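Note that subunit A is present in both complexes that follow, paired respectively with subunit B and with subunit C.
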Partner chain A sequence: MLHFFWWRFISLLFSLAFASIVIFFILDTLPGDPAAFMLGLNATEETIGALREKLHLDVSAVRRYFIWIGSLLTGDFGMSHTYQVPVWELIKERIFVSFPLAFYALLLSIFIGFPLGVLAAQCNQTFLGTVIIGTNQLGVSVPEFWFAILLVFIFSILLSWFPSGGFPGWSEGFLPVMKSLFLPAVALSFSRLSVLARVVRFSLQEAMSQDYFRTALAKGVPRSRAIWYHALRNAIIPLISILGLQFSSLLAGAIVIENVFFLPGLGRLVFQAVTQRDLIVVRGVVMLITFAVIVVTFLVELSCAALDPRLRKRIC
Partner chain B sequence: MLFVLYFSYLYYNFLMKFHVRNSEKVRCVPASCLLKTFAFAFLFFCAVPFAQAEAVRVPRILRLGMVLEPPHLDPTIGVAGAVDEIVHANIFEGLTRLNPAGEVRASLARSWYISDDGLEYVFSLRRGVRFHDGSIFDAHDVKFSLDRARAGSSVNGQKDLFSDILSVDVIDALTVRVRLIRANADFLYNMAWGNAVIVNPKTASQNAFHPVGTGPFAFSRWVRGDHVTLVKSPSYQGPSIRLDRVDFRFIPDPAAAFSAMMAGDLDAFPRFPAPELLPRFTSDPRFSVIVGTTEGEVILSINNGRSPFRDIRVRRAIAHAIDRRAVIKGAVFGYGVPIGTHFAPHHPAYVDLTSLSSYDPVRSGFLLSKAGFSDGFETTLILPPPIYARRAGEVIAAQLRAVGIRARIINMEWAQWLERVFERKDFDLTVIAHTEAMDIGIYARPDYYFQYKNSEFQKLMKSLKEMTDPSRRRFILQQAQKKIAVDYVNAYLFQVSKIGVSNVKLRGLWRDSPLQLNDLTSVYWGD
Partner chain C sequence: MSLSVEHFSLSIGKKMILQDISFSVSPGEVVVLVGESGCGKSMTALAIMRLLSEACVETGRIILDGNDLCRCRDPELFRIRGRDISMIFQEPMTALNPLMTIGNQVAEALLVHCQASHIDALHIACKTLAEVGFQGASDFLGRYPHELSGGQRQRVCMAMAIALCPRFLLADEPTTALDAVSRLHICKHLRALSVEQGVGILLITHDLGFASAMSSDQVLILRTDGILESGTKQSLSMFMHHDCVSVSADFPASFRSSLPPDPSLPPVLEVRDAVCEYVSFPSSSLFPFFAVKDVSFSIRKGEIVALVGESGCGKSTLMRAILGLETLSAGSVRFDGAPIDLSRRKVQAVFQDPYDSFNPRHRVDRLVSEPLFLLDRDRSLCSAERAILVEEMLELVGLSASDSRKYIHEFSGGQRQRISIARALILRPLLIVLDEATSALDVRSRSHILSLLSRLSSHFSMAYLLVSHDLSLVSEVADRVLVMKAGRLVEEGTTAQLFAQPSHPYTRDLLDAMRSLDRG
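What follows is the complex of A and B.
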């Protein structure tokens, strides 16, 4: 297991290094002089030159990359040009919106998607099963932003149960925050819980058709116990991989939902920074999200390996 | 709450179903624990948000929507208009201010005396004014603020406003004398800008994140990315303020702005971003739609320094090929006023010159053939990202094609547009709004991006600056408008309207926008 861990850990470092190179150089090829852009219509040549120097735009790209990566390693994300505050301060504020939102959506999709999948597997080819499968199909195919707008229309405009968007800030207390994150979390989780339910249903059905399941039933184990103890344990491995993927996509993919609900999350920070050519912010946030995604993937692989000894052996 | 409990009960039963089915007699503890955990977690995360009691609405709160979040809150640095929309006239005050009609009125300066040669201004200041941090406002603060703005190291976004100041002297605690290098008729007007507000020397360096001014509202807090809150200042002694708190909320997405208004999460959106959604507000009795004027002129800029546009006949042909009504309808859904020159129609000196460039494709074709382009020609039309420019550009390209000018549209990002069009002047045609007030002076700058070089016009602008007599000024301004109209420098399209949406009970919001600000001193909730 230890060997497996180190092996994975090294590949994690490699992925991070590779990602940082890609992020840096892709942003470097954006057209337009960022210094001139940031300073606007009335700037003189002199101030533009000074800013170029401050942004290290006057040295070669490779050297700039090492300057950037060096300061990242010491925890210095740099200074946002448009906001004139350290990038880390901006990120810190947004993390307390984006991570809770991703986590909330993930919990919702687990708490609803998982039982739905089990139920669908149990009630295969009954009316209820068909309804669940149909809803899942809908969930997978309806675009997220459209569903979000529908939610706003019903729950904010017609019923006035929830605010149409915005984030009151954590200092307002827990309940207002949860209230403001509820609709975005539901919008985010709808398609994900459908995917989850489908995966649970398929892998559970597959497990239920295995010999060991039949044997368990034959020796007198009640059906529900056989499902919970024998089938589900084997069916859960693909589920963990899916959850890992979903958490990553929730972190990086919430940008559309953040726009619909005007939430000040990481996605909107990146979006704003791109439109204002605040490349320091863009790089910092994209790197952070990449880091989170890679770490989550790493954890998922570790837990899969812990659950399934075969995975460990294959690599070691 | 009942709803919540019922919902959770259903969910719990639903979970228990798989557990109990076929196994009434066998208890399997871990699974049932798991199921219970699921049920409670569901109750917590899914149902609790429904359970909040109705929030009590305090009527003296105002929630305003804005599209852009300002990068900081100091109006004296940089050029970001979003800063002024929050702080100007609310947190900070200048020596003078503008009334809704755009006329100069007293503010921190109670009155002023101007010497006969127009070179000396003596301001007497309002007594008993305090900054929000408790310190007393006096003449030294005025001297500090103006000297800071015009200093060599200043990063003020509008340093031009102060370029004519020779010296600022404190005469006594409530009297300040400003000497000018040359007479400047716009000086009092310039002092009403957000970039000329008076700041406190002690707190000036922190204004970007904790602004301290003398205005009716004091800064309370900034939840970055979401809102800025101002509260009524207890030390303000001006006319009574009838709002206790103001939230400026930032909503960049037009559809989200619409839902926020519809859901009642906002009370007003002074610069509503989506004109296409306005009919929904006009037909709803809960809202009033306020259409006013702005200082933004949208023009089709022509590169006067490049052939074939050096030829006035070609420029004139372009002007006659454009049907402004169609452009206004297509670009801003009818919310714009046609202009025939680079000047705001609501200004008293405006002359209507739209007939000089009336829609006349026949004449346009005739002018083109006289200029040697009877088969038309190929050119490019570069469009920056704002939606009005993209939409107007498509309408214009179609209209130009009708007279034989085949304009290929190139869409650009802001950075590219700035670099290529504005700095390198490498373009044929482009569509852009010039949003600054009284900016006809840009036609006197020979190196400006549309490259209009005319010494006669430059002389006009020079004499305008030195002229203080209002009727003479008006005459010069009218001459200037005519000059650029008959030279067909650019194709002048329309004046942008300011479209605001507000709760029907809200009173006192400004209709027009003489400067980019939201002056809330006279706003209140009616019945």
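What follows is the complex of A and C.
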């Protein structure tokens, strides 16, 4: 297992290095002058020259890459051109919205989708099972933004249980934050929990039709224990991969929902930075999200290997 | 105090599986249930365990201690299963949970039934594993099923079934995956269970040597139409005799190539100093485990060579290495002087399990014609030519041309094995590797398959490499025998010479085990 860990860890470092190269060179060395691009058509020669110096455009691209990496490693993401504040400050603010939101939505989809899937697997071809499957179909097919607007209409405007948007900030305390993130999280999790429930239902049914499940029953293991110890443990491996993918997509993919609820998240930051041609911010945020996705993938692989001895062996 | 099945009928959809069968098993008694594959033997056992799928419609009663199991509710059944009645399943490869150590899987029955502590349960599990023939059982407790060979897994299944000393044991083909020595061991152990501990055993088998060796008191023969006939040991020998006659009639004396292969011909297959080593972590690379060590042999055109050895000795690894499915750590494998990558179409394989070696979503014509993609591009066939070739192959192996549009689940085990052979033959290879190709079949299908192979061998002068632990089969079929133990070839010789004068003590053990099983 330790060997497996180091193997994966080294490959994590490689992917990070590779991703940083790709991100850097796509945004930095594409045709055209980045400084002129960022400043727009009306910029004077002097301002462009000043920005070029700030961006180290006067040295070679390779050298610039190492300057960038070096400052990233010390936590310096550079200075945003449009906001004139350090990029890290911008990101820090947004992270405390985006991460909790992603986590919140993920927890909702696990705690609702997982039991639903387990239930649906067991009451296959009954009324309850059909209802669950039908709801799942709906969840997969309803567009996120429409569902979000529907939630706002019902729970904010009609019932006024939750705020319709905005983010109070963590200084206001835990509960108001949770309250303001609740509707966005529900909107984000609806389609994801449906996918999750479908995967759980399918892989659990698959596992329950396997011979080892029958063997467990033949030993006199009660059905509930057989499902928990034998079927679920086998069914959970594809599930972990799905969860990893979902978390990654939630981090940066919540732009639409962030816009509907006026949340200052990472998705909106990237969107604004792109429209304002602030390449420094774009680069920083994209690198950070890539880092998060690679780390999540690493964790997914480790937990799959911890569960399945055959995966460990294949790498060794 | 006995287990009895009374007027039990079972059907799935419109198909009648069992018709009004009745029998009983008393404590200490061994009842043998024989029948062709697909006649419903396993369904009988599953019905007693109450593990049938919901699609089955049943009538009749299954009585244990005056209780009708058909009417028992789940909690009662959980108490009965494993403690009063337990079962050894047929497929050792899939019957174990791949994510649990075997120690935990054996201990689970004890945890569930006796509220034993985990340590105690593991302790008993270790003892049970030793009982079923694991030497150094404590080393095995922490292993996972994929680290064991088929025979070892079968013994784990057996340990699971007997860990709680049940009163009745349903053994569904407990020895199909085992070599002669382990078979004898399991046989002795089952007999000891019934004699010393008074366990009533229902033994389902198509291995008639094993059935008669169990010196059973009562023999049941299940016909293909689902009707049960009962008899005594004599009727078993008659049933056996009937099959033996058909087997020997199907084996012409010329099964073996009539002329010894010309030694001057270049070999079809040449294996030289093959080594397969597994380095396991965390134990260091100082002690690598050699699955195959320094194996060299060759096979000439039209020759039938058998590779025998106990389960876990490296037979399957060697076979996989020959097929290029496993990389060799050292040494070489050559077909007609070329490595496997260049001669893929000169060698084909028929695998042990006729159930798992087909894609269930493809029709037979696609399954059988699949190897054709190995042909050179300029020789590739149009779809009409393919269809004709597939039909020809199906007819050659004794199926009909109309079968080509069916799916694989519509066939029985024996028919599927024929389809495997058709798939292997379609390229007219020089060598076919048969990995226990007949062990999952009943006597009758086995004899059909063997005579088919013999006809094909003389027809196309193909060579076979027969991986088997069935020595009686080997003695009838093979020209030459290779004996393998712990990854090395320990003896090699012509069949007659090796069976008459085995020189290695291990070969002698194997032969003794086979003979004592045959004598019963």
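Throughout what follows, the second predicted complex is superposed on the first by the 290 of 316 C-alpha atoms of A that agree within 3 Å, B and C clash if a C-alpha of one lies under 4 Å from a C-alpha of the other, contacts with A are read in each partner's own complex, and residues count from 1 in each chain.
One rule holds for everything that comes next: a contact is a pair of C-beta atoms (placed from the backbone, for glycine too) under 8 Å apart; a residue touches a chain by one contact, two chains touch by 3 or more.
These numbers were taken from a predicted model, which means no experiment stands behind them.
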| item | value |
| --- | --- |
| If touched residues of subunit A are counted for subunit B and for subunit C, the larger one | B |
| Subunit B versus subunit C as contact partner of A:Leu175, first or second or both or neither | first |
| Contacts of A:Leu150 with subunit B and subunit C, given as first, second, both or neither | neither |
| First, second, both or neither for A:Asp211, with subunit B first and subunit C second | second |
| First, second, both or neither for A:Arg310, with subunit B first and subunit C second | second |
| First (subunit B), second (subunit C), both or neither touched by A:Leu2 | second |
| Partner chain in contact with A:Ala61 - subunit B first, subunit C second, else both or neither | neither |
| Which superposed partner A:Phe261 touches (first subunit B, second subunit C, both, neither) | first |
| Touched partner set for A:Ser164, first subunit B, second subunit C, both or neither | first |
| Touching partner for A:Ala17 - first (subunit B), second (subunit C), both, neither | neither |
| Common interface residues of subunit A - those touching subunit B in one complex and subunit C in the other | 222-223, 225, 229 |
| Touching residues on subunit A, where the partner in the complex is subunit B | 30-34, 36-37, 40-42, 82-85, 90, 93-94, 97, 104, 107-108, 111-112, 114-115, 118-119, 122, 149, 152-153, 156-157, 160-169, 175-176, 178-179, 182, 222-225, 227-229, 259-265, 268-269, 272, 275, 277 |
| List of subunit B residues in touch with subunit A within their complex | 14-15, 17-23, 26, 28, 31, 38, 41-42, 45-46, 48-50, 52, 69, 71-72, 78-79, 157, 208-209, 223-227, 249-253, 255-256, 259-260, 262-265, 413-416, 418-419, 422-423 |
| Footprint of subunit C on subunit A - complex, ascending | 2-3, 210-212, 214-223, 225, 229-230, 233-234, 307-310, 313, 316 |
| Residue ranges of subunit C in contact with subunit A within the complex | 49, 51, 74-75, 78-83, 86-87, 89, 91, 94-100, 108-109, 112-113, 144, 146-147, 157, 160-161, 279-282 |
